[in-house]
Every structure is written in structure tokens, then in C-alpha cells.
């Protein structure tokens, strides 16, 4: 028997299956520094322990997206090693900040399966939970992927398609314990714009761009222990190593500082599409659209729902063509909720 | 109103203006490790906590230049976003070591303005202070930049050119509290040469070279949260991303270990010029010249004033051509004071 | 007298000489995070403090190979600056885990010299010890290098060839104090295979590959403060910067997780050959062969002796051609002992 992991195929999944993922990871100041070297991250709450404390937290947490990538990375060997496509995300919530010294592990549950009409592939939905060393759930999200069948003759399972929210309700969002923006320093944060300064429908071009390099996306992807071949092995994919979608997410989010400097903490992931592949040499830029706004249970802490679009060229604010398809220069269309001082 | 930062133009500066810069940063062991991965840094005082303690410090500080880059990086959005050129540095002093866990922020004061005769640009002088979480000034320096005017018709301000020292006096230098070289281990430090072993006028070719890569200079520049477009966006600058001058400074200083292994702590920056641009693929080498020597108030701790020149090819020790212009291969001409065991 | 280090030549070595190497290094969580970004390292004991504690250790140690590279890097200025070739390793033992916060230094003793018949070079054997801040030996190994003579007329020294073990005996291996696999969690570790599941002679193709980049190997090599010119300076070696052999070792070891996830701690280095040079753009893959197995003094802790082969193309399991020479695609042939749950 081969000792290496062949990955799971479509017929290996069934609804209700629990997949405890391997390789727990302790995150430290080292991961924090690397995050700041890999992305132009400048949100003050993650950059300064003093600033985080002035907002009621014990110290700067690990960037929300770094925590997400670590949790996500652990699922790859069990969920997406034989995936043809990463189809979507839903109902993602950040439930507790992750601090240096915390140890994360991930567990997924299969919540949906649907064989495709071609009989060769199927869609698998999993709900993944990231847990810390106290077994507290820190992150919880659904993703679905298209997976190959190993045996095309394997019978189709009963179709189960989970009922997922198009977007989280503001009430679904969890505000980190103690978070308090009443002493928030807008000068140190970098911009004067509060919750009240943003209007639904408003679009912001984040202006800056980064031309991405092979060494960088591989450093990042390994840091999250995401070992999918396509990101690392040029012989496996001579047209170019595919850059991990999470690298694009983090790059775009960091670029969005310029215009959204006070959108400090991501707390909800409503959905996301990796619209086109990203390769080394592409220059990533980003724009955002305000989709919604809400008050929260904590006075002074507002919620803002944003579309974050990453592109590799073209003008900002162009998302889809007349057929409703993503423009070829669109890399990412992400829909998230975040917290901002009111 | 656009929410992104357009940067300041020449007419936006006036003498006496105070610019508190955004995004405080907590530095940790992560930044320290990255500094050692990005540069061939080997000065023992920054490499070993034990060695630092044997020199009277609590532990290894963050490299002096890393601290400088962090402080400098914060000033970019307010000082040099629309700068045409970084013209010079003066009166730079390291007043307190920065240790892992410290949080740095920066504040600048405009101390000079002078419109250029073309009416389109002007020179702005700022004195920048880097402060830690106790509001102690850890670094203090002057730099001046040429900045574009947004409105060419804006009236020229009254010219104020600050009176800056050509070089700090030895008495201006601050010796870190507790620094004591009486137990200094020259074997562990890597070379036998003391203060007395260097002569004014002596030149040292540091021999080693590093061919620089895009991924590295971008990792470094982001680590200092310096977000100037020219370093990151190839579409913005198709002739090649300009490498941040601080990357060249740190590379040259690290290379200077070979011949200056005991020149441990930088305490004064007398001046510096980024003589020519540096691009990925260039091979950085370095040479030094001893400009001056002085005793300090602390027995056993000597001061040495050095010219550090970084080049990208050519023979060492060639600085300027007969017209007094920098040779085309010269990247950097830096003039600093540092501490060395007597 | 030049102040830079010219390195030692063959005639500068004599048996019994002790070489205390410079630049002690404190390792931290930063080095740990960088190791996980540079290599696809996933062995749970080094990834999770919780997992390490469940195995009886105080926390995750620095990866065994990272500790080796730090100790090795310090020897370069004194041992291999003028080396023509790194010929071999023997009798390497990891005697104590290295934890974040430990400070390492290295000392070598010359244990053999043999001038080559060409009169221009010679072989030097050194036994190197890595010590921590308590002066405990944490790593101990022998390596031998071919070194140029500076003066071809220097007389040949008396030949001394040390008597080295072809492989360490299981009794030579030191099991870290407290190591206990009785609560070992195979699910978290990533694979079900125990000591008993591997057979002598078994070969494993580790499947995954990584196309290596200039920026990555230079970051790694600098991190270990290995400053050999050939790794950094393209003008010195226009055919391409030679990738430090330790980078290949770490890459191959990390890739071997896929099939050897429970081979947690390396405790012995029997030998190793850098069979062919590695350059940026090469895609490193790895395969292993089980050479031996042994019980240890600690119940539940098994020892396994493995051949780890790194390649840059070609089929797995092809090591030598009919003449007994390494196949051109073989980069590394390493022979080591490691610990695995029984």
C-alpha cells in the first residue's frame, strides 16, 4: 500500500462525515512578522499591540485572514487534493481572535454532495471549524469544491445541497469580547473616515498595486501549510504555478487600507469567487464597494459589508461583462463583513 | 471626496507644521529573524542575546537600521508620496535601543521649505522622531525631499533653509545606557580589530556581494510598511521596480561585517545620498572609508565615523568622476558614526 | 594588513587545532516561522507546541535541520571559504533539542588532513560541536571538505584520516529527555503508519515537488548566516548561484512528510553526498528508502534509518548508473536516523 496520501475522490465523501484535519499549528510573532512582509498590511489593530490594547484587546491578534489561511490550509489534503475547482464560500464567521501562542487545528464536516451530470465529477460542501488549544471555535465557514471521481462507475450519492445564507445577517456577527472603539485614534489609524462616512453603493479605488513574484506566493502558501501541488511544482503545471487564491485575498485586503484604513476586523465572509487565475508577474490592484451597513450590539462598533475585488489590469469598478461573466482581469470577488468605529 | 490618500504636495507644507504619522508598529523576534534572512547580518550584538548581555544590554536590540526603516516607513504617506527625489539625511541619532516588544510610531516637523526656480517643485525639510510606547524618542533625524506642486500657481512660501550640521560631533552621540565593552569577546564577534586598529583614511573593500531579487526587496520594504508605489508596481514603472534605498543601506551595512565586525552599533547618521537607482539583478558590493575617530564618555567604547559606499559593479574605492559626480555604479554614499570596542 | 577574512587554506590546518567559530545566534519563534515559510514542513511535533507537549517536550523545538544549519553556517568562514568541495558528513548526532530563546555557537576541531596527489588541494576533516547558552552540546558531527592550498610549495602534512563509522549504531542515538509517544495522536500527525508499518528495503516516492527560486534559497542561507559567496553573487558565478546543499536537505526532508509523517525527530546523520548542484528553476522532488530499524531505550520510541534522495527530474528510485556514479538528476543522497512511534 502506498504510504502517501492520494487524497479523497468524490465517491469517498458522504453527508455527515467528519474529517479531523492533520498538523495543528502554533502561531507566533514570527507568523505576524511574515504576514507584514508578504502583504502591505497596515491596519493599526494588527500592527501595534498598543493600538489593539486601546481597542480593548489583550494585544494585536494574528491577522483575521492569516488565521483563515491556517485553518483553510489544513483542509487541503482532505478536501481539495483532487479538486478541479474551488467553487465558493459561505457563512464564514470569525468567532474569537487568534493570538500569538495559540495553536490551531481544523475539523470539517461534509454537509452536501451532488454528482455532476457528466458522471465524472461532483460537488462537495464542507463546513470547516478552526479550533484553538482550548477547543474553542475561532473560525467557522462553508466551502464547496468540485472533486473528481476516481471510479466513474461509482454510484451517484443522494443529492444533498445545503441551504446557505446569501449573506450573514448583522446579528450573526460575533464582536470580539471587550472590543471598544471609544478611544479609537483616527490619526494613528491613518484615515478619518468612520462608519457614518461610508454610503451603501459607494465604490473606492484603492489605487496601489503590487506585481507578484513566485517566491512570495510560495512563502505565503507554505506558511499556511497549504501543500496543493499546483502552487509549487512548475513541472506539474508548465503554464505557470497557480497562485493560491488566499494570497490574492490577503493582498487585496492589505491594499484596501488605502481608503478603508478603519475597517479593522473582518468578522464575516458572505461569499467569494476566484474569478480568474493569478500568476507571478501579474500586478494585483483592488477596489471595494460598500454593500451594506449595520449597527452592532456594541455601542461605537459599526459593521460594514464590502465587496472586495482584486484585478490584474483594466480599469477599476468593472466586474462583469454583458453576459454576466467576470471580466478577464478580475481575480477575486469577495463579500465580507467587517467592524469599523462609528 | 476620494477616501484614498493623495499625499501632500509642496504647497501643503509650511514651516512649523507637525505631521503625526499613522500606523504604529510593534516589533518582535519575527522582525529580527526576517532581518537576518533578508540581509547577511552578522554583527554579534544583534545576533545573540547572550552576546548583547555580555555588553551590558538586556538582550539583542532590533538592528539599528531596521528601527530606522520602521520609523522612516511611517513618514512616506505624509512626506514622500509625491516626492520626485530623496535629497539627503542629516543629524540622525539613535537615542535608545529598540527591543522586541517595543511599539514604534513617528512624528515629523517641517523645518524648511524652498520652492525651486522652475516653479513646479520645491524642497521640504522635515525632522522626524521615532517614539516608543513610553513616548521616549528612540531615533531622530532630518531628511529633505523634492516634492511636486499640485497647483503650479500656488504662491512660493518664504524660503527657510535649516542650518544643519555637516556631521555630528562626537559629543552629540548617545551611548546606550549600560553599554560596556570590557568583557567583549572578539573571537565570538568574528574579528580582532579594535578602535585602535583603524586609521583615519583607511579604506576597506568588503569583498562579498549579493545579487538582489524582486521578492527580497519587496518583502523588506513591506516589512517597514513603506508603501511607495515605485517599489512594488511594475505597471507604474515598466523600466523596473526601484529598490528602496533603505534596502541598499541595510545590505551594504551587513556586507561591511567583513572587515568591520566589531563596529557594532550605529549611533549617528551624518548624511547620505542614494547616488544611482538599484534594480533587481544588480549585485550589491560595499566598501568603507574611515572618516574620523573619537573617544566617548564611556571608557572602552570608541566612536568611529565611516563612509559606507554601496556599488553595483566596478572597482572598489571609486566614488566620483573628475566632474565630482558619483560614478554610475555607485548606489549609496552613507556617512555614519558607530560604536566599537577600544 | 587586509581586515577582511581571507579564509583558511589547506596548509593552515593541522590535526588537533580547535576553531571557535564566530557570531553566536539566538533562535526564536521568528526562525521557526521562517522555516515553515521556506519549506513545506508539516511534522506535527515542530508545528504545534501542544503536540510537542503531548510527546513530553516543553514545546516545539526548532526543526532539527534548522538547528543543524545554524551550527553549520558558523563554520563556513573558518572551514569552507576556500573549499573546492564539501565531501561528506559522518557521525552526526542531535544531543538536545533547541528551543526558541536558545543561543547557539559552534566549535570545530581538526581531526584529519590529507594532501591530494596533485599537490594543490587537500582534504580536511573537522568535528563540529554546536553548543547552547549553557555550554551543552546540542549537535555534534564530522564533515570533510577539499580545500585549496594558498602556497603550492607548502609541505604536505602527515596524513591523518579519521576512523569514522559508516553509520551510527542505534545505541549511539540520544533520545531527547522526556520524549514519550504513548499519547501520540496519529490523526493530528497526518498518517497512520508506525515503526512496525515500515519494512527494511521499502521505498517511498514522496510525490510532491517544489520549483525553487533564487529569493528563497538566499533567504534560507542567510538565515543560517552561511555567507559562502557562491550562493549569493551572480557575478562570481555567472552560470547561476549554487544553492546551499542544506536548502536541498531541508526541502527534501519537508517533502518526505508525505509518506513519513510520523518520522518526527532526526537524531543521527550517518552520511550524505551533494551529488549534483542545484540551481534556481530546478524542481526538487524526493524519495526515501528504509535502510534499517531499531528499538531504542525508550519504550514506544522506535528508530528508523532512512536514505533520503532529492532529485531534479527523472523517475524516483534511480540513484546511480551502471558505473556506480550518481544519476545526473540526483541532488542529494542523505543517510539518517530518526525517531518514530512504535
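So that you can tell them apart, the chains are marked A, B and C in the order they are listed, and the count of residues begins at 1 in each.
The rule is simple: a residue touches a chain if its C-beta (ideal position, glycine included) is under 8 Å from a C-beta of that chain, and two chains touch if they have at least 3 such contacts.
If you're wondering where the values come from, they're calculated on a predicted model, not measured in any experiment.
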Fraction-based call for subunit C against subunit B, same above half, different below: different
Turning angle required so that subunit A lies on subunit C, C-alpha fit (0 to 180°, nearest 5): 120
Mean-CA-position distance for subunit C and subunit B (Å): 36
Touching two or more other chains - residue numbers and ranges from subunit B: 28-31, 33-34, 213-216, 219
Subunit B residues touching subunit C - in the complex, by the definition given at the top: 28-34, 36-42, 44, 47-51, 60, 187-191, 193, 197, 204-211, 213-216, 219, 258-261, 281, 283, 313
Subunit C contact footprint on subunit A (complex, rising order): 2-5, 20, 22-26, 28-31, 33-34, 77, 100-101, 103, 105, 133, 213-216, 218-220, 222-223, 225, 227, 229, 232-236, 241
